[in-house]
Amino acid sequence: MAQEPRLTLEEMDAYLDEVFPEVHHGGRTLFLEDLGYGTCRVRMKHHPKNLRPGGTISGPAMMTLADYALYVAVLSAVGKVPLAVTTNLSIHFLRKPEVGDLVSETRLLKAGKRLCVGEVTIFSEGVDEPVAHVTGTYSVPPGRFSA
Amino acid sequence: MAQEPRLTLEEMDAYLDEVFPEVHHGGRTLFLEDLGYGTCRVRMKHHPKNLRPGGTISGPAMMTLADYALYVAVLSAVGKVPLAVTTNLSIHFLRKPEVGDLVSETRLLKAGKRLCVGEVTIFSEGVDEPVAHVTGTYSVPPGRFSA
Amino acid sequence: MAQEPRLTLEEMDAYLDEVFPEVHHGGRTLFLEDLGYGTCRVRMKHHPKNLRPGGTISGPAMMTLADYALYVAVLSAVGKVPLAVTTNLSIHFLRKPEVGDLVSETRLLKAGKRLCVGEVTIFSEGVDEPVAHVTGTYSVPPGRFSA
Amino acid sequence: MAQEPRLTLEEMDAYLDEVFPEVHHGGRTLFLEDLGYGTCRVRMKHHPKNLRPGGTISGPAMMTLADYALYVAVLSAVGKVPLAVTTNLSIHFLRKPEVGDLVSETRLLKAGKRLCVGEVTIFSEGVDEPVAHVTGTYSVPPGRFSA
């Protein structure tokens, strides 16, 4: 997959703000930091809305991060496809996250004409062992894939 | 599993408000409507924070519903265990939900001493075909299971 | 899904023997016992090749049963589609099976034009609590779905 | 996880033959080629019993490989624990495998006292793009983990 991504990081940011604005409901927390072909790094800034008792970060917050990051990785490989939809998402929670930012590393395992499959590994910033691991599938509408 | 749940519906509601208040951040949307031993029905009221373009309901909103419903089902079988944690959650998105309330039906497939496994089927209210199906595992801390 | 299956049980058996003969390598163990539209019951007869130490049945044997049963349920809804392929399969092992036959109950959650999603619950014969639960997705080649 | 594995490759091979002999039913196909702490490479030799029509390798054969490889990785981190059991396994099939050997690369994402979680990526020998990706969880019996 040593190709250029189909959008630059700036184009991706602008596009996500256009098609995905409500992901920032209650305050922007997701920031795209790096983008390749089928890969990205997305940060989820610490925000009280994502906390759980005992100072941990909620599972659904991590799933939101993973779904967003997978969508970015899919777009980086197939271009602007607003109608790509998640068909499945599977998450393993591995360790209690630290209170603070989460950083996710994503890579596509398959960038197919109809289905894209990827994995996301989520870390607490500065900690080596991952807090969660996600695999997911996006379905790409027929005729929209231009690779 | 034809037993009584370990908490009544009213006790469960009070307990969830105590240990899980931040799930209602931005406005309460989750309502427990029915409770059995290892089973429950939870409604997610329509709320703009959960919408996506095209009038559909966000995937993470459905995952939040499923994780909450599984937690309720686990508590109904093992009693008040605040430290039960999700170890994995796997969701299939089946159809585009209608704009409106979602209703989930949950049942435990296993209520073990260390692990509880359950499934959640999510419907748009009044529609027969499900919009999503979830399986998940909760880990119960040693010594806290009193069944 | 209150429709007739697209093949009778006898037609399904004949078709499976034609397209899927190698599943019976080492001795036939899989028997289709009931068939509806998007549903089936498949039995896996006890066979030494599926045993593990301690007298339990191997995980891969259960996965083989589930994958076969899902394929049958897909065919019952979409007709003879030899090129339908599994895109994902997720299994929860719930309890140690008894030594003896396994019986699986399968139903499709979605019978789409491109993707079919279903769930399989596996029991040791005569025991109420399931030994395993499986969800899976089959991809149907474009133009082959005639529903 | 830059530690030594708890068994050498030779010890692991001898132990697997002792506790897991029936995985070789119908002819040995699984070969452990490399072993680290929480990591391993396992080869599945080409064998007619694993073929499907069109010359592809069966899904259950890949699941058998993944389950075996995960077990090896768990043992490499926790030592000889015969009663470790798979609690879930989730596989994405990415591409049609070539006729020939499969090679799997496994690494643990978590080596916990009660649960070990890992991922397995499966390749057709000599091909860069993976044919399947698996995540799975093993449950370790209480008191058996000596880390």
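Order of writing sets the chain letters: A, B, C and D. Residues in each chain are counted from 1.
To be clear about the criterion, a residue touches a chain if its C-beta (ideal position, glycine included) is under 8 Å from a C-beta of that chain, and two chains touch if they have at least 3 such contacts.
All values derive from a computational prediction rather than experimental measurement.
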Identity of the chain that, by mean CA position, is farthest from chain B:
D
Is the number of contacting C-beta pairs greater for B-D or for A-D?
A-D
Chain centre separation (chain B, chain D; CA means) in Å:
33
Centroid of chain C to centroid of chain D, CA atoms only: how many Å?
24
Could you grab the centroid distance between chain A and chain D? Build each centroid from C-alpha atoms only and quote it in angstrom.
28
Junction residues of chain A, two or more chains touched
87-88, 90, 92, 137
Which bits of chain B are touching chain A when the two form their complex?
19-20, 22-23, 25-26, 48-49, 51-53, 58-60, 63-64, 67, 82, 85-93
For chain A, which residues are in contact with chain C within the complex?
87-88, 90, 114-115, 137, 139, 142
Which residues of chain A touch chain D in their complex?
90, 92, 94-95, 109-110, 117, 119, 121, 129-130, 133, 135, 137
